[in-house]
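Each structure below is given as structure tokens.
Below, chain A partners chain B and then partners chain C, in two separate complexes.
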Partner chain A sequence: MPTYDRETIESLIDGTLPWADARAIMSSFKDPGRFDTYVAILQDRVPWEDRILLPLALHLYIVQKPDGARVVKCDCGHEFGDYHANWKLSANVFVRDSDETLQEVYPPLMHSDPDWIVLREYYCPGCDTQLEVEAVPHGYPVIFDFQPDLETFYSEWLGREL
Partner chain B sequence: MVSDFLPKCTGPLEAGYEPAGWDGATLREMLEASEKLTEETGCYYGVSELALKETDPIRYEKIFSKLRGGLVNARETAMNVSASPIVQEIGELCFALYTPEGDSVALSTGIIVHVHTMSDAIKFMVRNDYEINPRIRRGDIFSNNIPKIGDVHNADVQTFVPIFWEDELVGWAGGVTHVTDIGASTPGNVPVGPITSYEDGLDLTANKIGECDTVFRDHEIRCELGVRTPMFWKLDERCRIAGCHMVRDAVERTIREEGIETYKQFIREAIEDGRRTFIQRVKELLIPGRYFAPTFNMLLFAGERGLPEYAAVDTMSQAPVEMVIGPAGEFHISFDGANRWGYHSFNCPPSAMQGAIWVLLTQTMIPNDKVNDGAYFATSSNFPPYTISNATAKEAATGAAWGYLIPAFTGLIRNISRGVFARGYVEEVLSSYAMTMNALQGGGKDQYGNDTGLLSFELSCVGGGARGIADGLDYGAAMWNPEGDMGDCEVWELIMPLLYLGRGVKPSTAGPGKYRGGSGFQSVYAIWKTVDLVMQNAGDSGCFPSPGIFGGYPSASGYRHNVLGTDLLDRFRKHRAYPSREDDPADSEITACCDGEHLFDRRTMNYPYRMKHGDIYYSWYRGGGGLGDPLEREPDRIEADLDGDYLLPRYAASVYGAVAECDPEGFWRVDPDATARRRREIREMRARRAVPVSEYLASEKARVLEGRIAKETRRMYNESLELSTWWREWFLEFWGLPDDFRFEEGGE
Partner chain C sequence: MSSRHAPRILAIDAGGTMTDTFVIDEKGAFVVGKAQTTPDDEAQGFLSSSRDALSYWDTTVEEAFPSLVTGIYSGTSMLNRLLERKGRKVGVIVSKGMEDYFRLERGVQSYLGYSYSDRLHVCTHQHNEPLVPRHLVRGVPERIDVFGDAAIPLDEEAAARAVEELLDLGVEAICVNFLFSYRNPAHELQMKDIAEEVLERKGSEVPVTISSDHYSVRGDFPRLNTLTVEAFAAEPSRVHLRSIDSMVKEHGAHFDLRIMASHGGTISIESRELARTLVSGPIGGVIGAKWLCDHIGVENVFCTDIGGTSFDLAIITGGEYDVKTYPDMARTLFAIPLVEMDSVGEGTGSFVRINPTSCRIEIGPDSAGYRIGTSWPQGNIDTVTINDCDVVLGLINPDYFLGGDITLDREEALKSVQDQVAAPLGIDVYRAASGVVELFEDGLKNNVLSRIMGKGYAPVNYTLLSYGGGGPLHVGGIAEGMGFERVLVPAWAAGFSAFGCSCSEFEYRFNASLDLPVAPDISQDEKEGLVEMVNGQCAFLREKIVEEFSKSGVDEGEIVFRIFVRMQYMGQLRDLEVRTGFEWLDGPESLDEVIRDFEDLYAKVYALSARSPELGHLITQVVLSGTVEVEKPALPLEELYGDGPPTDASKGQRDVYWRGDWLKAGIWEMDRLKPGNRIAGLSIVESPATTLVIPPGWSAYLDEHWIFHLEPGKGV
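This part shows the complex of A and B:
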């Protein structure tokens, strides 16, 4: 199985690794130590001390708090609460539900009919980063994209305690 | 089972029948024994140890290579028997080897959609005692194109040849090609027009079509009369038969060299090996848990002339793709909550759903040569009855099943991407692939005066989803074919009565993001030298079927711009400007450079209508979804987008916050400092315009209670509430609604 040094993985994460090298990584067997290297890199980059348990999305992590709580946290430091709950419910949202707002992003005719499908843009209340965009009809419940089974992942797949 | 209502055969063919299975068993007994062993042991065919692989791994790999090499060789050779550019240029064919019971052992390259679809068709023949009637003998040829038996859509025509060793059937060679026309009620190969299965075109219900390696003449006559392009059909059929015979030769050669007992042991181990490998890959790449990614699409037929009232409606379809990864690497996909099947040709029987699953998993989870039904046995699925994802009703039309599958399965890609991202394999992250649309489709007379049914496979080259480390692949991918290729203009002009006026990048098709989706492209055609032609558009519009991920936007939605009764020929004569592209529908070159009746709207799904020599047909192909907040896109990428016509300049400012100027030589430069200031302003605007989600949900609940939702959405919601217990409970609980809640239907 291949192994890659930290500098290579950092470049890969940043999208700066030369394409031929990235392509070679894609075509090869996966490096089994990637998760630990990846988390270590991300941990060094965030401005806070809470331990990252799982990268959830760009800018979002499930972290371990000193009091034992496990929460979703943005790299700006904003916390969304227990990771078992959908972090989007604690975010800010802007809904593009008119031709006028949709045409800030798309040319006329090249966007949804807002009577049918709207865009829900979820922003971090701490840094206003756009974290997710849902394309849904009016009345659709907020989508809970990913509910990881952290305990099983750590204890049974990684072979260590969470 | 489609044939459950049929009596089993008891006629004279039964007399003197000798079972074709192993050790005197019938094929049906072999299938039942295989299923029992697999269920009881959890291992394929009860194979708990890979004895051949472990004791003699080199020999094991050599046997696999001989069979796989035979399959790839069959594909690469047989494709030249075909004359259809869909097969020859685009590579829409595939060959596979199956066990006697119908489990795939190995596949060629190509449209590996069919890992399991041909398996379903073989099992259909086995379960229906074909070995007794119409008999399965050495030299026989069978053919199927019915998705309810085992296929994705009716234009994927399959051929099967049984492989014998002495008196035993030791396997099946299967081949599939995507044909040019399937003889449906409307022309082409993804016919958008049939509203029941009785209009889907030529039905090959796993028929015996030949004996002694020879095609029955009555079958050929039936096909000649049944499709619009018999020459392409016949050569496609010869292509499939030739390939199957090459596969048969490769198997017989392997058995001669390795011995029949080793071959029998190998095919069982290879499938169990495939099962174990898939589970290993799941545990290697993903995170256990639940993933959920619904996608919505519109089927727009309201007011279509030629359709009955009950079919001439707009329909919203829901694909609530749930993926659950279990502790032991279990991989479960559910479409619980999907809406009802309908009177259109986009319905999907389970085999069609499996086709879409496997074309995606073989390009994401198991991108290696050892693809077979072992991976199928490592997964489970839930396609609820009566839904569009399990349309087994006999009358449900399936000719354009891809119209549901393509948007639906963007959810599977996004689900997998969340897992691989969390695991750190960012190079495997993808946003939604693009819709392989518009489908330029039609029929009538070609430029030579022959009957024709056509669909331009340019559409197999749309934008890839944005990647975790880079932009998506520009105009170079199709979700249903790992070998994206748009084909040469000149080849399409040879077989279609169309003249290219232009082909180029279509700006602002890609979903914006830190990494944008792959761009789509555009073609402008003149209808050319035909005396009788109907054409249609088949594509998405009014919705966003390629959503973004991690803050990226969906790719652009489709529209139509065709022109009837043009002044194009007059413009040619007078050397006046004619349209070659439409970069910006707000400043249309087609409008500016062509007079006539402009069909310039969101009606991207039409019943065919007449077009004449000199009319203009515009087809643009979609982009992929974006990834990440667009405000994090590097300025040099925005410059490249502008210089390459991938982005209309006004969106560099409004979407990316880029302050850009075009220099006198035509190159764009982004001012990094001014851009940083502009991006801060956009973030401030976000803070002003956004509200806490709790506040939004309060107003949205009022909308739900008051029914201020489009009638198409209300109908879709009611169907999901009715057909799915889980979805009903989830929806009602989220909004705090009573158990008997239903939306009022009708109205606007």
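This part shows the complex of A and C:
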């Protein structure tokens, strides 16, 4: 069973691990301590104290508040509210639905047809970091990417109670 | 000569870390020398290695070299140049629009050489560093179509400009590869003329090579790779080879050094196409097996080579091995012939792990290689390997590994197998080790069976030949229940691959794509026309072969030519190689004979009822082989003694855990056995380089050629 030191996991997170090492990790069995090491590194990097329960996406975490609430929180500290609700609903949105706006990010003729597909970009109201992008038809409901079953994940995969 | 041995043949295998030298005498006896490889001046490593080998026969390089009649080199330095991307600065000119060959790599090169699980695991796929960076690739407008007609003329201005630009960037070689140039080389030839004009004007002597001149075959990407590697890695290697050759001559040798090429023959170091020698080591065993078949009168052999990292398999049918036309090596597709061999990532050094999700044993694909396993503390390996399990079971003698040069730690093996395998499975450590070995052998068995059955043959018609350091150790497990006609283990199994290289012919093998359709209802006149076209291509290949041999001072009259025709049914995708005994095709009857042979071959490889002559045939390639007689090793031949081994060969008994039971195994010293002896299982025959395990219910007969015959049910 492989084990990796904290430094290796840190460079994995930063994307600075040499390819051969990264591939070796991908091709091996998952190291049993990975989740805890990974979360510990992220915990050290955020400027706030709330305990990270699960990394949700780039820049986003589900954290434990002192009052018992479990909320989605950004790197910058902005809180989106309870994780059972889609955080995107309280994010800032920018929609690219014209050739003009699409061509700010794509060369001409290499983007989707705005009559069919739009790009919806979600930004953090606290730090303006782009958190997610959806490519969807007009009027498509806001996608709820991921609502984890935290209790089961902790009890059955990590082998401890939340 | 002071020595009792008269050295005749020298074979050098220069690996990445060690250079092995084999010196063979007129009776087939041989010695092996080892020395560290000296990459900066390979001649030095080779010389030390030869000195080491000859010291066993109490002779010296100066004394022995003049009596040698032939010398063969195989090595990995060219392959390393390719792997490390340390070669010449090459500029490439292709058909306009195709400039991204090296970045796209036809997709497949991003996962070549991966294990099956990683091939499915897409996020592990990764492009290689391009052989030639994009800024050194130029596209020139032109197009030859699939029929060989010029659809777009060559843009001469753009052609000249491309050459000029590449020269300004300081390239050391230029390779030209246009689409369908194997159909019609006109544009490549025109391109070469233009390039030469530019070179002359600029006073430059950069070599320009065109694909149709070297590798006139279908498949533009493998063809380009081969041409590029030739300029990139092969030419620098030639410099090294020349220095070895002149060093050998300085020490009194009278022969030209030859190199092992991937098609199974040896070629001159002055050969025009040195990329053909990129991979040679692993095929040595197959060449040796063919040589052995020819000598002991066996036609069908299944070759198995169990090494530290891999299990290599090859089939010899009717005394001939198959040749692949588009092999891959070092994650690169090539258009050169390679002896067909399958390699599975399971060897005696393979790691053994318990999958935490399924709680099942998994073997490989990675391995400890020469570092053996946890039982060799100096190797710094902390994962259990097959070797460790063999040590636990008592199959490997920890005090006699590599003749005692290395002492293995049985306690450590027990501990690691216990901790890593037995404990998670909740079973006894011996049961666990035995289970791992059974699983390992079953895996190998399945591979053997699928290869044989996949070709439409059955084990009962084949002789299983086992070699490699781990071959004799596990051959019993593989052969059990398979019903092979014979099971043979040469006493020199550990050095068989390297030895095999010295058994190869002096042979050039060139091929060219033809794509000639042969309709089912074709007239005699039309057949005559096809025969002429095949012969025309042969004449082109023949000229190349004669030219190559002339570099070694061989006259055309001494060369034995043979035409092989690769063909398939019209509309099918895989071709088969029909080996004729002809030097030229002679009239429509010879074409009929080739087609008849193809039908027979197809019926053997697939099924009688799958033959479909009504589709017509397609001659895809014509292959010409030119061979010249050279000195090959003699098969050892000794007087036969009786059944009973001499008493001093016995090393007593040892407890061995065999499939759930503790058994007493007789231990024998291989070098003290006499030809004619028969040993009953369970026995273990130890030699410095390998260990032969004879399972219970089997016996091993040592014949007059020093080959063990493993036979079921024959006790003493």
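Everything below uses one rule, namely that the second predicted complex is superposed on the first by the 162 of 162 C-alpha atoms of A that agree within 3 Å, B and C clash if a C-alpha of one lies under 4 Å from a C-alpha of the other, contacts with A are read in each partner's own complex, and residues count from 1 in each chain.
Going forward, a residue touches a chain if its C-beta (ideal position, glycine included) is under 8 Å from a C-beta of that chain, and two chains touch if they have at least 3 such contacts.
Predicted model, so just to flag it, every value in this text is computed and none were measured.
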Which superposed partner A:F94 touches (first chain B, second chain C, both, neither): first
Which superposed partner A:I143 touches (first chain B, second chain C, both, neither): first
Which superposed partner A:V63 touches (first chain B, second chain C, both, neither): neither
Chain B versus chain C as contact partner of A:P108, first or second or both or neither: first
Partner contacting more residues of chain A (chain B vs chain C): B
Which of chain B and chain C A:P32 touches, first, second, both or neither: both
Which of chain B and chain C A:I52 touches, first, second, both or neither: neither
Contacts of A:A135 with chain B and chain C, given as first, second, both or neither: first
Partner chain(s) touched by A:V71 [first = chain B, second = chain C, both, neither]: neither
Shared contact residues on chain A - chain B and chain C: 19, 26, 30, 32
Residues of chain A defined as touching chain B within the complex: 9, 12-13, 15, 17, 19, 22, 25-26, 30, 32, 34-35, 37-39, 54-59, 88-95, 104-113, 115-117, 119, 121-123, 125, 127-149, 152-153, 156-157
Complex contacts: residues of chain C adjacent to chain A: 115, 117-118, 121, 123-124, 126, 353, 355-357
List of chain B residues in touch with chain A within their complex: 283-285, 287-296, 298, 316, 325, 327, 414-415, 418-419, 421-428, 469-470, 508-509, 512, 514-515, 541-544, 547-554, 556-559, 584-586, 600-602, 627-631, 648, 651, 654-655, 683-684, 686-687, 689-694, 696-697, 700, 703-704, 708-710, 712-713, 716-717, 730-731, 734-735
Of all residues in chain A, those that touch chain C in their complex: 1, 19, 23, 26-27, 29-30, 32
